[in-house]
Amino acid sequence: MEQVIMNQLGYPILTTIIFLPVLGSLFILIMRRSWELPVKWIALTTSVLTFIVALPLFTDFDKTTHKMQFVERHSWIQQWNINYYLGVDGISVLLVLLSALSAILCVLISWDSIKTKVKEFYIAILLTTAAMIGVFCSLDFFLFYLFWEAMLIPMFLIIGVWGGPNRVYAAIKFFLYTLVGSVLMLVGIIVLYLYSGRSFDILELTSKSYPYSMQLWLFWAFFAAFAVKVPMWPVHTWLPDAHTEAPTAGSVILAAILIKMGAYGFLRFSLPLFPEASKAMTPVMLTLSIIAIIYGAVICLGQTDLKRLIAYSSVSHMGFVTLGIFALNIQGMEGGILQMINHGVVTGALFLSVGIIYDRTHSRQIADYGGLATVMPTYAAFFMVFTLASIGLPATNGFIGEFLILLGGFTANKLVGVLAATGVIIGAAYMLWLYQKVFFMQTNQKILGLPDMYVREALTLAPLVALVFWIGVYPNSFLSFMHPSVENLLQRVNTAGGIQEISVAKAIMEVMFR
Amino acid sequence: MNFQLPNLDPVTPELVMTSVALVILLLDLIIKRKEIVALLSIAGVLGVAATLIGSSGTTFGGMFISDGYSTFFKLIFFVNVILSVLISIKYIAVEKVNYGEYYGLILFATIGMMLMASAADLIVLYLGLELMALSTYVLAGFIRHEARSSEAALKYFLLGAFSSAFLLYGISIIYGLTGTTNIQAIAAFIVERGLAGKSALLLSVMLLTVAFGFKIAAAPFHMWAPDVYEGAPTSITAFMSVGPKAAGFAVLGRVFMVAFASVTVDWSKILILLSILTMGIGNVVALSQTNIKRMLAYSSIAHAGYALLGIIAANNEGLASMMSYMMIYAFMNIGAFAVIIMLRSEGFKGEGIYDYEGLAKHHPLAAALMLIFMFSLTGIPPTAGFVGKLYLFMAAINAGYTWLVVVAVIFSAISAFFYLRIVMFMYMREPRTEVGLTTSAGTGVVLGITTVAVLFIGVFPSYLLGFARLALAGF
Amino acid sequence: MFLSLAVFTVGVFGFLTRRNIILMFMSIELMLNAVNINLIAISHYIQDLRGQILAFFVIAVAAAEAAIGLAIVIALFRNRPTAHVDEVHEMKG
Amino acid sequence: MISVLLFVYFAFAIVALSVVVITRRNPVHSVLWMLLLFFHIASLYLILNAEFMAAIQVIVYAGGILVLFLFVVLLINVREETRISRFIGAWSAGLTFAASLFIVVILSLRSFVAAPPGQYSIDLIQQETHTIALGKILYTDYLFPFEIASLILLVAIVGAIVLAKRRLKA
Amino acid sequence: MKLYLLIPFLPLAAFIINILLGKELLRDKAHWPSCLGIIGSFIISVITLFQVINGKTINEDLYTWMISGNFKVSVGFLIDQLTAVMLFVVTGVGSLIFIYSIGYMHGDKGYYRFFAYLSLFVFFMLMLVTANNFIQLYLGWEGVGLCSYFLIGFWYEKKSAADSGKKAFIVNRFGDFGFALGIFMIFLTFGTVHYEPVFSNVGNFAGQTLNFLGIEVNLITLIALLLFCGAVGKSAQMPLHVWLPDAMEGPTPVSALIHAATMVTAGVFMVARTNAIFNLSPVAMGVVAIVGASTSLFAATIACVQNDIKRIIAYSTLSHLGMMFLACGVGAYAAGVFHLYTHAFFKALLFLGAGSVIHAVHHNDIQRMGGLRKFMPVTYATMLLAALSAGGIPGLAGFFSKDEIVWSAFASGTDIGRLVWVIVTCVAFFTPFYSFRMIYLTFHRKFRGTHHEEHHLHESPSVMTIPLMLLAVGAVAGGWVGIPSVLGGGAYFAHFLEPVVGHPEFHGTHAQELGIMSLSTTIAVTGLVLATIFYLLKTSIPVRLARNFNVFYLILFNKYFVDELYNYTIVKPTMWVARRFLVGFTDAKIIEGIVNGVPRLIGIFSSGLRRIQTGLAHHYGIFMAAGAFFIILYMLLWR
């Protein structure tokens, strides 16, 4: 127990923030389906409460140590030596907060846009939130997998029930895609469990060392799960459909949190569990990341659908994240983590914004807009901020993340740095292209006389704007969380046995023929 | 002529059960309201369950053994029978076959299973199997005015008899080889005479495999299952999909693990083959089904395939996982069938999957429950199905069959598709026809029990697991 | 032994090929008889009566099976007047 | 010597008869042929000095089961089978697998070795009659299976009635 | 509270006030915060300038911005001679332009927005010049780019405006791409991105080589060139010059402030700032010189045939920027900055004058102007001065700075120096030529517009003309601080900057210097005269020329078809790949093909296997027998 810090607070904070939403959803469950307003209010209060309760994670976090904090540990399933084991460190704490925040936004943005099955919708949203937070807090593999899979169910429904015209296809695609990935991970988990003498304790497992061959194929087993979630090229195709068809709140959850789970998985599991394998696979991972960055960026230029474009831009941005992670140096990794937050904030915000006009026009086609800036100036301003953040303009959060990642990537391998940097150029190209098509030029007749943002909507976006500049101008308040954890992680990876990097082809071979 | 009554304690459950069954048969003649018969039989079963405690040991010259293993399975059978009876009460009235014999036969079938579970002698095993089988044949054909039902009965009967002939042939060869039919004795004999490698012995093993494979509906001996499941009364389908399967696994476990312990390598090879085939056929063919009972039939075939992993692992952990899986499967499967039965109403079959379109709109609760069961069958946490699968996979991997487990998880991912399809229909389509539900106290209770069980086991499996381990303590 | 095996095979063959339900039953009965021959022969050779006991039970069960089976046939016959199995395939796929 | 000859005769007769049985066009005929077959089998049992079994064979099968068969045949066999083929279309497949099964089983049975002789030697059975010997075991060691068998028969009766009774008042 | 902090943050405050309150409260008073803000920072800059002159330079960190491992950046300020000059130029010229805009933008519905953006721009520009590390430089760098994006596309309803803004931003991104890589290299090499340690250590790395993307290159050269990429983008040098002419879509004050006086010179500033690095790499220096010179000539030639008044000035800007780089390229950073300083005045003046003209005639086509001299005398006078100054007529600001450049190019003694000297001498001919072509076509001869237009011709309000006059003063007298010693001047400017940019060693005598000076002067005068002949006296000549040398004319008129080149080599292919290949093929066909194909395959299997289930008991039996057979066989064979 000495490598963790038990929960310093008087109350079990993590449990509370995980189960508050569950509690809320139970409340909603007993509501009559006709009482829509109470349902909404309960959902709102629950999410806000959750966030407030989660705040101590930010304030009371001990930034001087890499150890797990706010740890709770209770024996759960003795037969399998499974514990109810929660804790956060510098890598996960911010994601937890982000999840809590995004819940509020999702509730707010869906206030008027969800008209059918309101009750079920908010239940699903809250449950998803709980599962997401759970994923980031779990220190026990069983618990982790429980949350990891459990979140599929409400997400599946959110996309499939309240989504767009092609929602069913998207929902099933999303579900199967991710399921195939995670079942392979399950096998990997079991193998680890048995190899390590029956322990699901993540910390314990990550402190052991495993034979190289085993590491290698376990790495790929986990890769299957995480790569799909991230999503890395070429398993990204579920994302455009899911993001596009999902209701706004759904897209936000997907973009802001769910796809972070993959990157988080790489950080929390792949690297510390299989350091040698990770090292050996770095070329592959970097290559895939680069492909994702450029591919995702270029493909954006060919999109005609707002949400689809943003979805593909997510592919590109997550490519940056994985690039940073597998640059295996401190700038890259911290950049990667920060970029996860940034992408959560910015892309989440973009989806919220798109949702705002979608509620007005019910069209996602870029061609249906134009000259919106004259119709909805305030909205245009908000959108501009997020656009700039997304193209990584200095003084916005996007810059900090991308810059650190590129720096890390460049340090790791010049070519990688250069190629990744081209992604930034294209990024600017498509975002500005989008902005121009939607907001500039002659006002499209279809959108004349749309009302500008309502207070509720402004309130939804305001915190994100604040975050954009906060991280952009004073990123240390976030970076400082990561230093010890990241250093510790890197040290774990770098001190691992010196298996020098092997070529992509060889890596594939290694996996194929074992 | 010295004859002393053998020790009867171990067989108390069976004896009580028998008497209950007989009483039910008689009461049926005087009681007109069959619900009472049903409730009585449930009460009786509960009573029997009570007698399970303290009934352990072997008797009748080692022909009958009552140990943790058998007890566990008997519990499964009781769960199975109680739930099935509960969902039957309304259903058989709807089907206009509200006869008391129904319950009697169900009880007899259960007795058969109990005997199989605790048979220590091939003769007892065979007889138990026949007892179960015969009753089930009749039950399958219980809706006499319905051709499909009779057809199901016929097919089930023909093939069942066929398979039991194989069983007998196998038994006869074993008997010829070892001169005994007692499981323990066979094991001992095989070892002492070094029969391990003998093809004759293996032949008999294979013949038994055929027979048991038939009972658990493992490919390629599964072909009866879809037709029979579809044709038989839904309540009986529920009953059959759990009871005989569990019983089959019980004997499979006991015979192969005890009698043929010394030739594990050989039969495990075959079983691997079967399990892959079973999972494959079950999951894949289920994709293209349009009748939900049929779909669940294939899904139950697939689940047999998963459960075989437990046997293949060939160690206590494997058995424990298999047992827990059977228990879990009993809950989630019967739960699903309970929902299906609710859709059956006068003049409306409610078996086509399209009848489920938009169910969530008018019957959100039923839809939600079905959703839970479907996800549980898929094996998504936090439902029991996940725990069960996880345990099986653990056992198999621990026994060194990682690749097999990989195959299994791939198939279970495929299976997600057709379970999801039901969910999709219920939630993401507009209802075509106004579907009325025939709710009843019985179904309600069943749904309550199963849902709670599925979720509870899903989150706190330790009790079940502990019990399974305990049951195998003396195995 | 081989005798019984031969009979068994014939039974299998009959079961697999005859279209008349009754004949299929008979084939099954044949198989059972084969088993019985087997058992009794063995019990004769190894001078042990248990085989015959088993055979005894087999006969009993065979009787029961016959009863049930024929009952089923009759029930089916009520719904669909045929004695041919290959006309009984309402459910498939 | 005689017994061997008899055995051989019966063996061949039985096989031949069984083939005949399943190949008859008219079920009634096959039932009758089966009757003959059963008598042969019974007599074979006699050679294997299992008199009681022989008796049972005759009584139960010939006396019971076959009669039942006959009833049912006459009851349901409305259509004369002569017009249509008596085998199903895929009979060849059936034949193939039956034959191949036969072969593999023979192959695997080559390694068959009989278990060591038990205590019931022939002369022992001779001096106290077969019936008594059998009975002793049946009602002592094998009491339990015997009971089960009775249950099975009960179920059979009930089931048969349930299924076959014309009208059930409900 | 450190005073100098107000310099950048006053405009920032102005921006915030305007963007928040401008729309509802201030409306047409939106100029107040901005103007006050910039004038305030101008005053402070002047104060700082004098402090610096008294030798008090500042270099201190405000707070730590980013820290990650050994990578540590702080927001900090470095105010030395170079910065002081830039501060003076930016805020000074800026203030005038702000005031001018009050009149120019009067009544525009985006009034508040305009001033907000301007203030924001000034903020970023000041951050850029006062940065004491590369990251902050980069911040300002991108920031000004952003504001130029906003301001170019200020009238966003016009597609062309929106397009130009986007074009400017993206083209700049290409440069910044190299700039960023340069910063990475600096970090990798020096382990820090702060000026002071970098410049002090740079010597230790001289001559080191490293393998960059498979090519073995000199480390310093690499860094220098990468940084220069940024400069090329920002200062619109070839081949990234294409955005600047289009940028003229923006309001004229914007062109004056951003695309003449300040932003575009950021590149020059950066090169001068990092002279320590460039000095160590002759190759890089050569590249800078060549690029500058060629751009200079290239732009000058184009300027001769354009008809859009603003574009003419824009190309002239390109040309002058080229000269500045040229100066830097030959090591005469002081000269470059000096020209930057003078150029700020006369070019801003030209633009504002043009603005005032456009304000009157409401279009940009000089062919439809003419004879405006009598309608708007002030504008005419000031612009004339500006043109003279730009043309390098002795005595005026432009003369001194340009002359210093010419001389240092010649005197640098290197072959490249000689080469660029030749080029710059040619340019010296073109500059007055196109300047006066413009003057003549605009102000002399008779008005060629419609009567309706003629009826509305008027001089601009004083709020616009006063800045013009003030700038004119600068354009005339601004250069006197740098009169070369050979003309008895003190060359104060060069000496002032020496601590920062050093002093190039000259190989040449005073005699040569005078010779060069007179030569270029005569050439300039020739150009002036020629322009007079062509466009005032014998106006038929240019027409005939155009007809006879049609090809040249077209090439020049179409700016050497560079835009088209890029369009067909970069833009279109990329779009094709995006639309047809990635969306249409890889994603839709290959990946999705697999993703959807596998389920479909399973489906086919499923329905195939389904057919086995015939519903015939026989077949089931056969399958059982077969199964039995096969497992027994399997057992027999592989036991």
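Lettered A, B, C, D and E in written order, each chain numbered from 1.
Here, a residue touches a chain if its C-beta (ideal position, glycine included) is under 8 Å from a C-beta of that chain, and two chains touch if they have at least 3 such contacts.
Treat the numbers as computed from the prediction; the structure is a model and nothing was measured.
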Common touching chains of chain C and chain B: D, E
In terms of C-beta pairs in contact, which of A-B and C-D ranks higher? C-D
As a test of understanding: of all chains, whose mean C-alpha position lies farthest from that of chain B? E
Please identify the chain with the largest separation between its CA centroid and the CA centroid of chain A. D
Between chain A and chain C, centroid-to-centroid distance (C-alpha), Å: 64
Nearest whole angstrom, what separates the Cα centre of chain B from the Cα centre of chain E? 79
Note: chain E sits from chain C at a C-alpha centroid distance in Å of 97
Hey, how far is the Cα centre of chain A from the one of chain E, in Å? 38
Using the touch definition from the top, which residues of chain B touch two or more other chains? 123, 127, 130, 134, 137-138, 141, 144, 153-155, 158, 162, 173, 176, 179-180, 199, 202-203, 226-227, 288-289, 417
Would you mind listing the residues of chain C that make contact with two or more other chains? 1, 11-12, 15-17, 19, 24-25, 42-43, 46, 48, 50, 53, 57, 61, 64-65, 68, 71-73, 75, 85-86, 88, 90-93
Indicate the residues of chain A shared as contacts by at least two other chains. 176
Listing every touching pair of chains gives A-B, A-E, B-C, B-D, B-E, C-D, C-E, D-E
Residue numbers on chain D that touch chain E, as the complex places them: 88, 90, 93-94, 97-98, 100-101, 104-105, 107-108
Please output the residues of chain C touching chain D within their complex, sorted ascending. 1-3, 5-7, 9-14, 16-20, 22-23, 25-27, 29-30, 33, 36-37, 40-50, 52-53, 55-57, 59-68, 70-75, 77, 81-83, 85-86
Any idea which chain B residues touch chain D in the complex? 3, 6, 11, 18, 25, 59-61, 63-64, 96-99, 101, 104-105, 108, 111, 115, 121, 123-124, 127-128, 130-131, 134-135, 137-138, 141-142, 144, 153, 173, 176-180, 189, 193, 195, 198-200, 202-203
In the complex, go through chain B and note every residue touching chain C. 123, 126-127, 130, 134, 137-138, 141, 144-148, 150-155, 157-158, 161-162, 165, 168-169, 171-173, 175-176, 179-181, 226-227, 230-231, 288-289, 294
For the complex, which residues does chain C have touching chain B? 1, 4, 8, 11, 15, 21, 24-25, 28, 31-32, 34-35, 38-39, 42-43, 46, 48, 50-51, 53-54, 57-58, 61, 64-65, 68-69, 71-73, 75-76, 78-80, 85, 88, 90-93
